[in-house]
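Note that chain A is present in both complexes that follow, paired respectively with chain B and with chain C.
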Partner chain A sequence: MSKVGVVLCRCNSHIDSTIDFNTLSEKIAKNKNVHAVIKVNMACSPRGKEAIAELAAQEEVDRLVVAACSPLAKGAIFKVYAADFHMPKQHMEVVNLREQCAWVHDSESATKKAVILLKMGVARVAKSKDVGNWNLNCAHINEIKCDKCKRCVEECPNNAISLREKDGYPQVNPDLCQKCGICVGGCPLGVISLPEFRLEEISAMLKPVAKADSPAVVGMFCEFAYEEADVMGQVGEKYSPNIYIIKVPCTGAVNMIMVNDAIAEGLDGILVAGCNASQCQRRKGNELATCRIENCQQSLEEEFLEKERLTYISLGEGFVAPAGIAQERCTGCGQCLEVCPYGAIQVSPDGKYEVYSSACRGCGNCAGVCRPGAIELPNWSDEKILAALDSILAG
Partner chain B sequence: MPPKINLTKCDGCKAEEEPLCEQVCPGDLMTLNEDGKAMCRDAGDCWDCMCCTKICPQGAIETRLPYQLGYYPAKLIPRVGTNKIMWTCVDINGKVERFVVKTRND
Partner chain C sequence: MQKVNILICGHKECLGDKMDLPGIKKHFQKKGHRVIIHSNFCDEIRDTKEFVLPFGDSVNPVVFAGCSPLVMERRIKALFDVPVEIANIREQCAWVYEKSDIADKHCIDIIELAISNVKYTRQFTHPSNILSERLAKYVSLIEEFGPNPFKI
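Right after this comes the complex of A and B.
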């Protein structure tokens, strides 16, 4: 049995002005995995760190849940804490109580939602595994269960997975793997995991949601959509408290096994949110996700369940301003054509290089490689970046 | 009764030489046809174990129930999760029942 230490951050009363911390700590302390609950004011401050260090130093506590702001805001800091406490980073989970709970719901529903969110976090760390020696930063394939169907080899957008000659099992090239999780989502047996994203963890997180008020909807948001959900909190836009958002690396990482678990668990819906059709930053994650979701929707209808229970919506950054080529400076070297990962650069019949604007996702690879400096991204011009650098150095 | 394959959903496991249904079939009945889609070699030998139905990542295989259990509109559909399977059981009158069966302790 794992012993989880729970840290509730008041965040200068940003969080505890809406959420009733006494009810929250009482309810979460009853959870059988929870060993201790502490309340700190600013978990990200040095004093907060001391308090967390004290909790982590207790012999029984081997996992931590920090309920504070969004993992995209201060989450990275807490992961560093984990390293300082000699704790595997998988054993630390950040629960987003500020952007996606306290700032967007009224007091009563925010407290209810916070309890569920915390339980989800505790369930996740309780299932997490110290990956120890496969702590390489890449996808891991459990070869004991793998049956060499080669789907991961076919679907990986970075060609990071290849078959080992000796025995035919797929192996991951850590230099090419970008941890997008598309292989995790595609594996029919669910044997692939990322260091911080395992099917078992996500399935464990679904259980507390099933006990929430109906309709309970779980959201699988890709990193970019998750950021958008945070923005909703930052601008103070209220939305329904029935959605419990889980961050996934890419919508392509949503395995239908998770969806099956969610439906079997009795959840009312699953909302998968990712980028717009051609704007996936992982190249083809959302195409694969929509494909899998359509298939799953058909099966749902065969089982007399409404297909709307599983829905894909595109949030994300919307339209990205495409790169532009200054024709008078272009020497026609063709470097940009080579590096563009999305095949967005075309040569017109009269020999001009052009950007196909709806395929361009604004990554800037071409701008970096262009020797004559003919390519520029509208929002990321050299002048802007240099001016930003200057102001940082001056400050 | 043999497994029924939805040819639009089946992607032949990306047309690799041994798709998942072929690997799991205990009677070694499943194989790929010329179009790279799954097919059952010998319908008469199938004993309705539903292994292929459960393993298919596309949900393309349906097992038709034997007539002793229920005529055509009756269905038995599995939905496989990490540690549980949800069965949807539809009888010939269209009555739907669902069962969740735990398959692993953890």
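Right after this comes the complex of A and C.
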């Protein structure tokens, strides 16, 4: 059995001022996979790292769950910790107790939710595999179970999967694979995994949610939707504590096997949150997701369940200040339209190029190719960058 | 040169005592900026309802010198009615330099950079809470349906 070490980060009281850490540590210590629980202040600090290293070494834990801020904030640092402790990165799980729990719910709801979130993290990490030999860092197809249906070949938006000539099995080109997970979501047998996204892990995470107070809703949020949920926490906006959010690489990575598992476990609802229409950075992940969801909804109805229990919503809009086009400088070359990965540039009936503000994610690709410098990012003008360089050189 | 208000979070547990914050404060005061060293700004912002603007009614932009923008950039920016820039003197200074003099110099450079940037920074606009609306709608729908029969 795996030996999981749990680290509860106080985050300079941002987390433990809302969530009752005593209740949390008592409840999680009872989990059969949990070997040790420690409380630290600022797990991301050098001192925090020392405390976690001590836990890893003295308690001989082989997996770690760090309950702290969003994985989008300090997740990368905790993955580096795993490498420093000679632990596969899959054996380190970050549970978001700050942006999506302590900052958005009242104390009682946040503590209840934190227990479930932590159990989900432990369940995931206990199921994680050391995939050291997948160092190629791309999608992995289990050939033993693959029936060569070719769906992954057809659906991969990057043409990264092709059939091997000698035996007809699909093979992934690591140079082209973007780890979007669209093949993972589409595989009818569920035999494709990403190094850090395996169906077994996600299915294991659903069990604790099924035991939560009704209505227990699991959210499968793409990276942009997940960021939006984080932003709501940062700006102090509240939302329902009934939702337990799981970050997925893209909504296209949501396999309906996971959804069926969730329904069979007794979850009351599954909310898949991704981008709107043209906005999917993975090109067609959201389109495929909505199509798969429609099919799955039919199956739910055949089982006499309400189809809305599985719903797709589009998020990721309007929380980033959009780019703007200075019409007097625009030459109408259309380069911006070509490079925008989100389809946020539109041509108006009178031939003017305009930014569709809800779709813009402020990536700056358009500003980078605009030769006359007509495109401005609200907080990243050329003047600002040049002034910053001057300031550095003057120092 | 435009004057800015500089708010340094001097929380000992975060920064340690490597940096000479009063000296850094004097450095920027000499240039005409207003500087406040806060003992633990996290304490201040934990409850946004009770937050009091540290620089009163001043309309000058603010440079917050403390933790990385990854930690809570939007949370800090949302507190002020003026443009705010973050100077990361914790992760990129206090936590990486052993020697005090190097840390002090780098801290000043980082704050100078933020002062340069804040002139071009726009005021933070509060995003609309679409997530909350959609979730509330969805959760109430699921409540109407009742529990999943498989659970029962």
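In the analysis below, the second predicted complex is superposed on the first by the 314 of 395 C-alpha atoms of A that agree within 3 Å, B and C clash if a C-alpha of one lies under 4 Å from a C-alpha of the other, contacts with A are read in each partner's own complex, and residues count from 1 in each chain.
One rule holds in what follows: contacts are C-beta pairs under 8 Å (C-beta built on N, C-alpha and C of every residue); 3 or more make two chains touch, one makes a residue touch a chain.
Values in this document were obtained by computation on a predicted structure and should not be read as measured data.
When the two complexes are overlaid on their common chain A, residue A:261 makes contact with chain B while staying clear of chain C. Of the two partner chains placed by the overlay, neither chain B nor chain C lies in contact with A:323. Contacts of A:299 after superposition: chain B is touched, whereas chain C is not reached. Contacts of A:315 after superposition on the shared chain: chain C is touched, whereas chain B is not. Looking at the shared chain after the overlay, A:14 reaches chain C, while chain B stays out of its contact range. Greater residue coverage of chain A by touch, when chain B is weighed against chain C, goes to C.
In the superposition on chain A, the residues of chain A touched by chain B in one structure and by chain C in the other are 263-264, 304.
Contact residues of chain C toward chain A in the complex are 11, 13-14, 40, 42-43, 46, 48, 70-75, 78, 91, 95, 108-109, 112-113, 115-117, 119-122, 125-132, 134-136, 138-139, 141-143, 145, 147-152. Contact residues of chain A toward chain B in the complex are 147-151, 154, 186, 188-190, 199-200, 203, 256-258, 260-261, 263-264, 295-296, 298-299, 302-304. Of all residues in chain B, those touching chain A in their complex are 9, 13-14, 16, 18-20, 23, 55-59, 62, 75, 77, 79-86, 88, 90, 96, 100, 106. Chain A contributes residues 12-14, 17, 41-42, 44-46, 69, 73-74, 103, 210, 214-215, 217, 228-229, 231-232, 234-240, 242-243, 263-269, 271, 304-306, 308-309, 311, 313, 315, 317-319, 321, 378-379, 381, 383-384, 387-388, 390-392, 394-395 to its touches with chain C in the complex.
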